[in-house]
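Two complexes come next, and they have one chain in common, subunit A, joined by subunit B in the first and subunit C in the second.
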Partner chain A sequence: MKRRSFLNTIAATALAAGGMTATGAIAQDQSYTIGVAIPSATHGFMGGLNFHAQDTIKRLEATYPQLTFVLATAGDAGTMVNDIEDMVATRNIDALVVLPFESAPLTSPVQAVADAGIWVTVVDRGLSVEGIEDLYVAGDNTGFGRVAGEYFAETLSEGDKIVVLRGIPTTLDNERVDAFSAAIEGSGVEVLDMQHGNWNRDDAFNVMQDYLSRFPEIDAVWAADDDMAIGALEAIAQAGRSEEMWVVGGAGMKEIIARMMENDPQLPVNVTYPPAQISTAIELTALGLVSSTPVSGRFIIGSQLITPENAEQFYFPDSPF
Partner chain B sequence: MTKTATSPATRASPTVNLHVLGPVLALLLLIALGAWLNPNFLSYGNVTNVLARSAFIGIIAVGMTFVITAGGIDLSVGAMAAFVAGLMILAMNSLIPIMGVGIPVILAGMAVAMVAGFIAGWLNGFLVAKVGIEAFIVTLGSMGIYRSLVTWIADGGTLSLNFDLRTLYRPVYYDGILGVAWPIIVFAAVAILGEILMRRTAFGRHCAAIGANEQVARYSAVNVDRVRIATFVLLGMLVGLATIMYVPRLGSASGSTGVLWELEAIAAVIIGGTVLKGGFGRVWGTVIGVLILSLIGNILNLASLVSPYLNGTIQGVIVILAVVLQREKKAAGAR
Partner chain C sequence: MKRRSFLNTIAATALAAGGMTATGAIAQDQSYTIGVAIPSATHGFMGGLNFHAQDTIKRLEATYPQLTFVLATAGDAGTMVNDIEDMVATRNIDALVVLPFESAPLTSPVQAVADAGIWVTVVDRGLSVEGIEDLYVAGDNTGFGRVAGEYFAETLSEGDKIVVLRGIPTTLDNERVDAFSAAIEGSGVEVLDMQHGNWNRDDAFNVMQDYLSRFPEIDAVWAADDDMAIGALEAIAQAGRSEEMWVVGGAGMKEIIARMMENDPQLPVNVTYPPAQISTAIELTALGLVSSTPVSGRFIIGSQLITPENAEQFYFPDSPF
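Entry: the complex of A and B
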């Protein structure tokens, strides 16, 4: 993402510089500046999110000439706070779209932005205090776990054995795992173990290898993330047990979706948690500024079950994720 | 301190043995614990898994032993491994249209990895030895550079090796000779050569001399700058070698490849008995340290003794204990 964003930043800076001078002259034409603050592309999902953010900004700038966008990507919460302060102080933003790096440290800086009368859209991770944002757009973590859990409960029969790979220990991971556990409760499916694979291919590979040494019978794996699914699949292949179990990942990585489109028996389904939710947030924010369409409130993007039949709709070959 | 020098040799040798055996005892205890907790622990499959996954950190840690012995440190190895892996995948993918899918492309990729490791190590060494910046700062800087470069060349996503080439390259991680996987063979060879280099050559003694006292080494006609650069170059090339073994495993590299490898390698070196301040290094101890670190994770996965949230705590306690035991024995030996 960095490669694209480097050029885009130059373009955006040039545009913004042009926009700044133009703002004074044609203020009556109602031009707006929207600030977008997101974490930098440090892993697959965020890479996809960065791609969709830039893609959407490019499209909206072409559609609405009166809109200017300021995009900032930050590697940590502190940098993100600085970025937001700079946007307010020097770029005169009319609206802020922010995916908080962490909830707590970003809460009061974003509150200050809202208090200044600027429209605030919060994406994916909520702030610690409720009611600050005008619009909240997020994926459905509970649904993410529940949809996967329901598939396991329906497909497997009583006494079947599964293993689970968890993400980095966070609230988000807990919500998903709790919903998954609730969905399979009563189905008689036995969870052999749940260990953290940290949403990382290598860690998932190691944990899966150890599961395979430890359990002679495994019927299915909930990898809960497509990066972890790739690591787990490789470990299963190494053990020569590919026929024995299937794997359900999550978030719809393009490599996985491509394999599903070819009806890979090891990957029966997937569950969405779209990185393109940033597009929803930017689009709605822009729509609210340029028209009288009401856009305040909460917009939760449902987690859908991807099957080989509908996989094509979820395949984005250009996205890095 | 003068008493130390005159203490009888008969008393010194058993204490030295105990001190040296500290990490080995810890390793044996862990193996016994693992075997007791899970009957599959000593199975061929599990032993191969643990040794093969130790190989990346292990190969790097052998190089790190030389850098630390010479009084340096290298924080950039994890990021460097990710960057080299990224470059290697890019190079191999772009060579396919010219050379076709075949062994020459893989050999070219391996050459890219070794050359990239050489250059990256040399840059670190040059900045430390010739420009005179602290190794900690130089490699902290290069860590950030390589980490962001790999994210950049991967365009924020994951670089994946061409599928057909991957199938051809895969045996380098998964196959071996007589049931011993290639990564284990390479790790063993690196460890044995490293041990010889440290114990039996002028280079090994020069590393220890520089780490113990740079001024004295300089006055003793040791070419301090050259030896110091050589330690970083050696480490860089071993990072390249580790990458050659890593890429066939999952066939991909991303910004999250090799995260915290540098700390695992440094921890393994210190557990093995090398002095963090430099002046003394023990390559075979590093190998024991690497095995201890991978066994802890393996046993926790095999047994689920504690909440997975506490895995880090167990690892931390064992690392500190291993070093504490060893230091107490060392102090006793010195008294």
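Entry: the complex of A and C
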């Protein structure tokens, strides 16, 4: 178990304040620097994540003047490692929030940060070794598949036919698809096929074209990702079959949410896998510094169903995603 | 999936603000009421929980003037149900944070709150039906046993002898003890006996007296709870064997932490199971109202090892626990 030097400092301050509660003393007396290391905005989801990171840092700097943030975005793992080493060496960070570009190359450098007594929060992609981070924040892949599957099971009738677009073959994709399959089990809904569209618009377009040529009846599509949903919708439109089937994507892309707010019949629902999970991670890390609230542990952010009625709450006009 | 009317309101406000981010708009424009329903301070842990609830409400009211809190403490399940119904009927709460007095009698009333479109955060003790709450916050029972077991395995030598005091026979107690047993497996440490002290000082005193009369050599005691640790220490003192063995309790009771800060050799470490988890629950619920940060899901607060070196950060002089 590592000792967190900054927390010792907090406690000493609190005790020095005598009768004050730890919380009261902490909020006033100390200032802290939080390093945030994330991948750069190379694609839609990561663009959203960058937006939410900046937005949350702005909110927290206004709420807690004693907090300073260092945000670094990296286009590759090596740059991210350098960014983190720089945060420790020159900015003397008290806590690090990191979404590892890749698990393996970031594991040792982040371990070194933890060993230096600095709080570590890991987001989304885990490290290769368990137990390094103080706090882990991630989306819920099982819930992501289950919530979608429940909607298909409740909305479709026995004998209705669907096709599925899978992501890049990964454990993550398996978790999602297994949960989806479990949720529709017993509903009588027939899955015509499940092929990998690799979370890619063009791949999804091609897979969907193939489905459309092979299956004369398709009632619904689980595209499992909004980039794949865009690709699938284009293939469906080109085939002139837009009125035949609806499509459920995932992750709440801005364009998709906007169409849902206008009650587009092709897009009845969506499922969250929020890029704003970076906000949860940064907020909890900040809370651990400005208060004595326990924030170590594991926070799995629930996947929620987005409907036309609640779509506004998931619409971020300024976000690129 | 329930629609959260208050979140719709937030979104509408954010959108009305035009170019502003949702976050910016929310923090300024709306005021909210959060109901907090917890058991009254009938014993040590719950006393600490009451203290941290009040402390956090004070902190949040100072940080976010737009938030109002209604705190109700109940000595039985019926009173808690009435408190909650009253919060909805007369205080028009936007969110409820509840530590159910008992799971079964609170399930329907809390379901009714969720059905009314009010955000629900459940703490520590789950409800009898899954999926009612938007956010679940609880301690980590597996970690609680594992962290203690790892300390025993690392500190003791092959052939050393220990005794264990178990809690009230429950799933929770099984989880803790199983994880402890797994962590010491292969260490060569001999467990002489494991009897139930029922998280009770007097029961633990009696069980420990029995152990002391039966076993001529005991190197360490896993009391697994600070109330039981107090009872065990008293029995050990009366037997004049205080220098023979050390004791590890759990949950970070104030008296125990104070003795650790003075390097009491009988109390080398402790393991957190923080009553301040109520603070985490209230803070996240508040954050969901004042920002667009995702806070639905499941947060399991890690069990941390307390040592003499970091004990101050777990010492709350004003708390009764």
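Following the convention adopted for this analysis, the second predicted complex is superposed on the first by the 292 of 321 C-alpha atoms of A that agree within 3 Å, B and C clash if a C-alpha of one lies under 4 Å from a C-alpha of the other, contacts with A are read in each partner's own complex, and residues count from 1 in each chain.
Keep this in mind: a contact is a pair of C-beta atoms (placed from the backbone, for glycine too) under 8 Å apart; a residue touches a chain by one contact, two chains touch by 3 or more.
Just so it is clear, the structure is predicted and the values come from calculations on it, not from any experiment.
Student: Residues of subunit A touched: more by subunit B or subunit C?
Tutor: Partner with more touched residues of subunit A: C.
Student: If we overlay the two complexes on their shared chain A, which of subunit B and subunit C does A:Arg91 touch? Say first, second, both or neither.
Tutor: Neither partner.
Student: Regarding the shared-chain residue A:Phe316, is it in contact with subunit B (first), subunit C (second), both, or neither?
Tutor: second
Student: Looking at A:Leu305, would you say it contacts subunit B, subunit C, both, or neither? Reply first, second, both or neither.
Tutor: So A:Leu305 only meets subunit C here.
Student: Figure out whether A:Gln238 sits in contact with subunit B (first) or subunit C (second), or with both, or with neither.
Tutor: first
Student: After superposition on the shared chain, which partner residues are touched by A:Arg125: those of subunit B (first), subunit C (second), both, or neither?
Tutor: neither
Student: Of the residues on subunit A, which ones does subunit B touch that subunit C also touches?
Tutor: Correct list for subunit A: 1, 3-4.
Student: Residues of subunit C touching subunit A in their complex?
Tutor: Touching subunit A from subunit C are residues 1, 3-4, 7-8, 10-12, 14-15, 19, 21-24, 27, 55-56, 58-59, 62-63, 134-135, 140, 147, 272, 274, 276-277, 279-280, 283-284, 287, 291-302, 304-305, 307, 309-310, 312-318.
Student: Give the list of subunit B residues in touch with subunit A in this complex.
Tutor: Listed in rising order, the residues of subunit B that touch subunit A are 38, 40-41, 43, 45-46, 49, 53, 148, 151-158, 160, 174, 249-250, 252, 254-257, 259, 297-298, 301-302, 304, 308-309, 311.
Student: If you look only at subunit A, which of its residues touch subunit B in the complex?
Tutor: Subunit A residues touching subunit B: 1-4, 40-44, 46-48, 50-51, 166, 169, 193-196, 200-202, 205-207, 209-214, 227, 230-231, 234, 238-239, 255, 319-321.
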